[in-house]
Structures are given as structure tokens and as C-alpha cells.
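Consider the two complexes below, in which chain A is the common component and chain B and chain C are the respective partners.
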Partner chain A sequence: MSIRTLLGLVAILVIGGALSLVLSDYSLRLMNLAVVSAVAVIGLNFAFGYSGLISLGHSAFAGLSAYCVAILTTKLGLSPWVAMPVAIIATALSAALIGYPLLRLKGHYLALATLGFNVSFTIVAINWLDLTGGTNGIAGIPHLSVAGYELSDERSFLWFALISLTLVAAAAAAIHRSRHGRAMIAVRDDEIAAAMAGIDVTGVKVAAFTLAGTCAAIAGCLFATHIRFVAPEDFNYAHSITYLAMLIVGGEGSIAGAIIGAVVLTFLPEWLRVLGDAYLLFFGLMMLVILVILPTGIVGLVRRISLKRRSPGDETTNVPARAGAHS
Partner chain B sequence: MADFIQLSINGLALGSVYALAAIGFVIVYSATGVVNFASGQFVMLGTFAGVAMLINGGLPWPVGYVGALAAMALFGALFFLVVYLPLRSSPVVTIIIGTVAVGIALQNAAQLTFGSWPFRLQSPFEGMTIEIAGAVITVHAVAVVVGTGILIGLLWLLLHRTTIGIGMRAVAQDVKAARLMGLRVNGLLAFSWVLAALLAGIAGLMLGPMWFADVNMGDPIALKAFAATIIGGFGSLPGAIAGGLFVGLTEVLGASYLSSAYKDLIAFGAMIAFLLVRPQGIFGERIQDRG
Partner chain C sequence: MLTCNDLTVAYGDIVALHGVNITVKAGETVALIGANGAGKTTLLQTISGLNKVKSGDIVFESSSLATIPSERRVRLGIAHAPEGRRIFPGLTVEENLSLATAPWRRWSQSIADDLGRVFDLFPRLKERRRQLGWSLSGGEQQMLAIGRALMARPRILLLDEPSLGLAPRLAEEVYERVKLIGEAGMTILVVEQNTVLALAVANRGYVLETGRVVLEGAAKDLKQNSRVREAYLGR
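Up next, the complex of A and B:
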């Protein structure tokens, strides 16, 4: 593990821990939601950021896992600590099964196929009344407890969520630095060249998609045990688009970008609350402006500024190529 | 049998609306390469342009319809300037997120202007019905199907028999060559957006009397238009028509004969099946460079 990664991981715990002591209960709730989203977006970074697979169905995997936890704990009375690993494994398997046929598609075809998957998930969640409770959702998911201490308030849950985020980020950083991470990036940059170099392109894509699904599943578990209530609209395709937006605003292909994007886009509606009913109007327009003026996200902006300081006039060579361009 | 005829006509009418929305989506995609996720909001704006003219403005329907379509044409030109030009060289994902963001803004703007209470937009043929083989059919449904047929004919003439249309097809095939031939590429691209907005506007005016005019109607329409586009074949106009009619028919017939809860699953299931087995759709996509 490099020093930078280690510093980043410590920064998550220190900044998050410090904020957890000073923020109000309502802001802590938003922080929790941001951290849960960050876990999901780190997952999406495997699929889109590294491998260039546009997924508009990410939220369905979080939903699959959250519903698993909800059903196993409320209907079968299992402990969340048993339900969560089952949910994560089941979701990872479904991601692999769904990914295998779908990942032959590229660009907007893959985007629309995964969108169709997400819409289908929502339709099933709304209509399979016996299992999912329909639009009423499932309430009464038990609190998580750690060593006899119940994580029933926002602050203690945030600590748990921050530790989970740190572990996920550490694992993601390790994969990024490994042979497998380089294989994903090679597939994104040039599929044919990657195949020529002996990389199993389909295998790498399915692996990236499964890793993405696994992170979404972890986020789903955190969501289910934090909110303790799941409903179909928590996992509709609009959330998948939000995850993708978080990744692009933060900076794709970067774990720090995934986390920053998740925090910024979770709090942005709050900061725009002064605008009252019109906040979505400004949110939409602001997103458009960010996309136009910051094509490589917040992390890309920071990188460009620091490169400019180091070697003026040379910043264009180091800006990473955008995945999915012209596809 | 009477039920079946009635349902089929209603399905075709709904399918016509989806087809028009899908055609608008495809025209923009072929000409500019933009996957427009705000296309559902275009149709919603069309319906509410009708609400503004006919209900709020109290205009008689011929004047109101022309006014609504003029407003939509203006909107298309504005979208070209404010959204398309800044995003034109961005990758697919940025354009998807960008158009979604604009869609959110448009929906919120409509809600601020018109409120979240749905409107009932009246048809020029309000309350009129005809009987075919025992089936009672609204004149509005028949008018929508016939009107869509005429529009598609006019669109074909525009694309194949006019200078503008032939220029648009040239731009769709090869922007650089079109520019070298002296075509005013930007003007033609702008015209594609205006045309898409007009078609969406007509779809919205047709849909208003069939559904309630609701500011949240855009997303379901966009999803159906996407399904129609994939089923028919991405980038193909005949495909958009066939796909739209298929989605409309399965929605109405599926709701009656199979399951009203799962009616939408048929269209999306078919869409995913097509993507897996025949991703080029019924009519296939031409290989081309885009601007």
C-alpha cells in the first residue's frame, strides 16, 4: 500500500470522525447517506471508471441486497450479521449472472440495457407484494449491534459506516494497483490491444461488473440497517443516474473522486435549500455547468492545478483519457 | 372481439405517441450522436405548452395548437444553443448525465409554473366516438393514429425530397464531408433539434387527452421511447415507428390480457431480449460517423 493511499484512508477516518463530533443530528444523517453512496460509487468506479462499462442499473444491485437483508431479518428473523453476508454473496452472484450476457454490449446500448434491468427490478419490487410488500416497502429491519452496543443513533452508525467505507476504499485501492486493476484499465482504453496482450476481456469485464455489484451490495446492506426501511423508490433508476453523476462530478477512475462526488452531490440539495421549491431547477442547471466546465471532475481539476504548478504548459499530456468517448 | 379491436386501436394510438417520441429521439441521435435522456421531458413540455395555450390562455384549439408548436420549436432551438453546443464534444456518459440534469431542471420548471396538480387537456374531438364491429372507439384515438401516419409521410418527404432533409441525412452520414460540400452543418444540426422538439410537441398534444397532463409524465415516456428505439433498431426511423407501435400495443393488450401490474415488464423484457439476441433491433443501425 502506498503512502498516499494510507494517508487517504486515514483522512477518511479523521475527517469523518471529526465531523461526527461537531455536526447536528440531521447533518449526521446526510453524512451517513453520503458514506453509503460513496461505497456504492467506489463500486461503480470499477465498472465505469476503470473498465469503461456504462451502468445505469447500479442502484438495482444495492436494492437487491437491501431487500435481501430486509426479507431475511424481518421474515426469517435472522440477525443482520447473518443476513448481510448472504445478501452480498447473492447480489454478487446476480451481478455476475446478469453481467455475463449484458457486457457484450457497449456504450449507450449497455447504458440502456442496464437501465432496463433497473426499471424491471423496480417493477418487480412494486408488484411482488408477498415478498416485497409492494410500494409500502418493508419496515422494522433491526438495528446493527457491535459487541453488545446497538448502533441506534446517527453518530455511532456513522462510525461504523466510515470504517466500512475505509475498508472498501482500501480493497479498491489494492485492486487498482494490482494486475487486475491494470487489466481493467487496459480493457477500457483498447479492447483489441488488451486481448492481444493476453487479457481475457470478457472475464475482466464480468469481474469488474461483479466487483461493482459487490460494493453496491455492501452499500445496500448499510442502507437497510441505517434507514431500517426499504421501498422500491429508494432503488429506482434515478438513483443509478445519481451514482454515475457522483462519479463524474468527483472524477471518474479515482477512488477519492468517487467519495468526493458522493459527498458533494448528497449535500448539494441541502446547500440549495435556500432556493425553496426551485432547488431542483438550479441543481439540474448546476450539474450541466459542472459537466461543461469540469469534464474530468473535481479530482481532475485539482490534478490539473497541481500539474500546472509543477510544469507549466505541460498539463494536457497528463490528463487521463476519458472512457467511453465516441463509443 | 369487440374488446380486442377497441384495445388494439387504443394501443396503436398510444404506440403512435411513443413512435413520435422515439422518432424525435432518433433524429437527434442520427444527426448529432446525442443520446437525449431529456426526450421524455420534451413530450411533457409539449403537453404543457398545450395546457398553457388551451386551458390557461383559453385559445380555440387550431390557434392553441399552432402556438404550442411554435413554442416547442423555439424550445428546440434554445436546447441546441444552451445544452447541445456546450456538450457536443463530450463523451457519451457526460451527455447522458447532462441531458438527465437538464431534464430534472425542465421538470422542476414545469412544476413551478403549472403546479403538481394534473390537468385534463381536452381533445378537439372530445366525447366523440365511432363504432367498428361493435367496438366503441374514441375519435381522438383514430385521429392520433391517422395523424401520426400523415406526419410520418410528411417526414419521409422532408428527409428525401427537400434540400434541408437531404442535407440532414448527409450530416448524419458524415459531418466532415457534409461541411466540405458546403452544407451549413450547424444550421442543419439546429434544425434537427427543432424538428425533434416539434415531434415531441405533437406527441405531447396527442397524449394530453389520453393521460392526465402531469409534470412527472416525462420519465415513463422516455423509458418507453428508449425501449421502442432498441426494439426497432437504434438510429432507424422505420424501427422507431415499429418499436413505438409494439410498445404501445403490448402495454394496452398486456394490461388487459396478461397482468396490469406487469404490463411494463413486457416492453422492457423485450428490449433486453433484443439487446441480447439482436442488438441492432428489427431494422438495424447503419454504421456512420456523427457530429
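Up next, the complex of A and C:
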């Protein structure tokens, strides 16, 4: 693990931990939501950022896992610690199963197919009354407890969520640096050249999609044990689009970007509450500006500024290219 | 080592190769020359499994490639430096190189040795090993594409227009390296529009016109052939 990665991981714990001591309960709740989103967006980064697979169904995987936890704990009375691994494994398997046929599609076809998957998920969750409780959702998911201590307040749950985020980010960084991470980027950059270099393109895509689903599943577990209530609208396609927006605002292809994007887009609506309904207009314009002026997101901007300071006019420095053609 | 038997390839209704017969023997460098649209690139892509064969067969070391997908063909020893280089812009030079072996061979001393060999052949790549692919010049990208193909420890190297888009001096530099690789014992099938360069490094050659082999022979004979001289050498 590189020093930069290590510093980043420590920064998550230190900044998050410090904030947890000073913020109000309401802000802590938002922090928790941001951290849960960050875990999901790190997952989306495997599919979209590294492998170039656009997914508008990411929220459905979080939902699948959250519902698993809800059903296993409330209907079967299992401990969340048993339910969560089961939910994560089940969701990862379904991501692989769904990915295998869907990933033959490319670009906007894949976007539409994954969107369709998300919509179907919501419809099933609304209509399978016996299992999911329909639009009423499932309430009464038990608190997580660690060594006899119940994580029942926002502050203690945030510590648990921060540790989870750190572990997910560390795993993601390790995969990024491994041959598997390089294979994903190669598939994103040029599928034909990747096949010519001996890479199993379909295998890499399914693996990336499954990893994305796994992270979404972890986020779903955190969501279920934090809010302790799941309902279909918590996992509709609008959330999938928000995840994608978080990744683009933060900087696709970057783990730091995924986290920053999740935090910014969770808090922005609160900071700009004065705008009222005009927030959506502002949000739309902001996305446009980011796509046109900052295609590599906030992380790309920071990197560009620091490079300019270090070596003005040096063309050979490593500014990452915009993630090529996503077609 | 590699034989194409009566190979026919079509894109929909358009037939790109009509019953092509080509043989490459171990250790030789074979040039495939011809104008734009003659089917040269199609032939190389079919050998590496990117195009479907309509009829005929490709035999590599006495076994048919018909059912083998392209990524497996690389592992069997058919490495392809594609037309237009197609290096990975978002990966560094070193990552581009190690990628070509790493998916099926774990990082080990042997890969470091392979990297060293490529860097010996192309010292410029060593200087730029930490740079991202897109920031390389055209010549460096071509060297990287050839280096990447070599990293797979091929038994045969397929080169598609290594001179494409390069200044004449750079194209010659690339071909000097191709010659060195061939002299070290590598079997090479090179597709090229720049007939002078290709015939200078090749032992034998085939001339392809609208999907058919119209001429074949030793490189030195092809250089003297009146048809080749008129059509491709401009003399």
C-alpha cells in the first residue's frame, strides 16, 4: 500500500472522527447518509470509473441487500451480524447473474437495461406484499451492537460506518493497484486491444459489475441498520442517478473522488436550502458546468492545480485523461 | 508454424478475403503487402480471433484455431500489435506492458525480466515508464504496442502497419527494431503499406489484392518483380 493511500485512509478516520465530536445530531445523521453513499459510490467506481460500464441500477443492489437484512432480522429473527454477510453474498451473486447477460450491451443500451432492472426492483418491492410489506416497507430492524454496546445513536453508528468506509476504500485501492484493476482500465480504454493483450473482457466486466454490486450491498446493510426501516422509494432509480452524479462530481476513476462526491452531494441540498425548489435548477446547471469544464471532477481540479504549481507548462506530467470513449 | 487454408472472411455480404492461403514457417519474417482495402488487416485480425471465419481454417502449430477465443490465442503464443497501436491511454507505459502478461501470469521475476528485455530493445520506453499512454508520441506508442505484444512471450508476432502515421525517420527506427526482433529468432508476420520497409526486413512476402493473394515469393524476388515495382515501389 502506498503512503498516499495510507494517508487518505487515516484522513477518513481522523476527519470523520473529529467531525463526529463537534457536529449536531442532525448533521451527524447527514454524515451517516454521506458515508453510506460513499461506500456505494466506491462500488459504482469499479463499474463506471474503471471499467466504463454505465449502471443506472446501482441503487437496486443496495436495496436488495437492505431488504435481505430487513427480512432476515425481522421475519426470521436472525442477528444483523448473521443477516449482513448473507445479504452481501446473495447480492453479489445476483449482480454476477444479472451482469452476465446485461454486460453484452454497451453504452446507452446498458444504461437503459440497468435502469430497467432498478425499476423492476422497485415494482417487485412494492407488490410482493407478503415478503416486503409493499409501500409500507419493513420497520423494526434491530440495532447493531458491538461487544455488548448498542450502536443506537448517530455518533456511535458514524464511527462504525467510518470504519466500514475505510475498509472498503482500502480494499478498493488494493484492487485498483492490482493486475485486476489494470485489466479493468484496459477494458474501459479499448476492449479490442484488451482482448488482444490476452484479457478475458467479459470476465473482467462481470467481475467489475459484481464488485460494484458487493459495495452497494455493504452500503445497503449499513442503510438498513442505520435507518432501521426500508421502503421501496429508498432504492428507486433516482438514487442510482444520484450515485452516478456523486461519482462524476467527485471525479470518476478515483476513490477519493467517490467519497468527496458523496459527501458534497449529500450536504449541498442542506447548505442551499435557501434556494427552495430552485435547488434542482441549480443542481442541473452545476452538473452541466462540471461535465463541460471539469470532466475529471473535484479530484481532477485539485490535481490540476497542484501540478501547475509544481511544474508550470510541463506537458509530460501525468494528468489523467478523461476516461476515454464510454461507447 | 502458422497456416491459413483457403480462408474466406466476410463482413455481412461483403467478402473481405477470398480463399487466402498463407504459410509462415518458424523463425522467418513474412511481409504481407498490398493497398488499402486489400484485406491485410482483416487477415491479421482473423488470425488473432477478432473476425469470424466464413470458410477455411487457420492452423497454428498443427492444431486448428477455429474454436479458440482471442484471449486464449494470446496465451497460445499469437501476439498482435494492432493497427493504430491501440495502447491503453489511461495506464502508464509499465502498466501497459505488464498487462499483456499479468492477467494470466502472476507478477514475478520472469515478468520483470520480460520488462527488462523490452526496455533494452526500446530504451525510450524505459525513460517514460511512469508516463500515461496518451502522453506518448506516435513513435513511442508504436514501440509500446510492439513491446506489449512481446510481453506475452509470443511464438509468432503479428504486426499491423507499424509505420502508420510515423515520420520516415521514425518508421525506419521502428523497422530496425523489428529486424532485431526477427534476428533474435522471433517468427513475424508483418502487414505493411510501406513496401520498401517491409521487404527490407522480410524473408518472404505475399501480395494481397482485393482479398486474394496475387503474388508470393522471396522478398528479394518480390523487390525485383515488375508488377510489385510498378504498383507498390513506384519505379
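FYI, the second predicted complex is superposed on the first by the 317 of 327 C-alpha atoms of A that agree within 3 Å, B and C clash if a C-alpha of one lies under 4 Å from a C-alpha of the other, contacts with A are read in each partner's own complex, and residues count from 1 in each chain.
Throughout what follows, a residue touches a chain if its C-beta (ideal position, glycine included) is under 8 Å from a C-beta of that chain, and two chains touch if they have at least 3 such contacts.
Only a predicted model underlies this, so the values are computations on that prediction, with no experimental measurement involved.
In the superposition on chain A, A:Ala256 contacts neither chain B nor chain C.
Within the superposed three-chain model, A:Tyr109 lies in touch with chain B and out of touch with chain C [touch as defined at top].
Look at A:Ile185: by the touch rule set out above, it reaches chain C but stays clear of chain B.
In the superposition on chain A, A:Leu288 contacts chain B only, with no contact to chain C. Once the two complexes are laid over each other on the shared chain, residue contacts for A:Val124 go to chain B alone; chain C is not touched. Counting the residues of chain A touched by each of chain B and chain C gives the higher count for B. The intersection of chain A residues touching chain B with those touching chain C, taken from the two complexes, comprises 323-324. Residue ranges on chain C touching chain A, taken from their complex, read 48-50, 70-71, 74-75, 79-80, 82, 86-92, 95, 98-104, 106-107, 128, 130-135, 148, 152. By the touch rule above, chain A contacts chain C in their complex via residues 179, 182-183, 185-186, 188-190, 192-201, 253, 315-316, 318, 320-321, 323-324. Of all the residues in chain B, the ones that touch chain A in their complex are 35, 37, 83, 86-87, 90-94, 96-98, 100-109, 111-112, 219, 223, 226-227, 230, 234, 261-262, 264-265, 268-269, 271-272, 275-276, 279.
Residue ranges of chain A in contact with chain B, taken from their complex: 48, 54, 56, 101-102, 104-105, 107-109, 111-113, 115-117, 119-120, 123-124, 126-127, 238, 241, 244-245, 248, 277-285, 287-288, 291-292, 295, 322-327.
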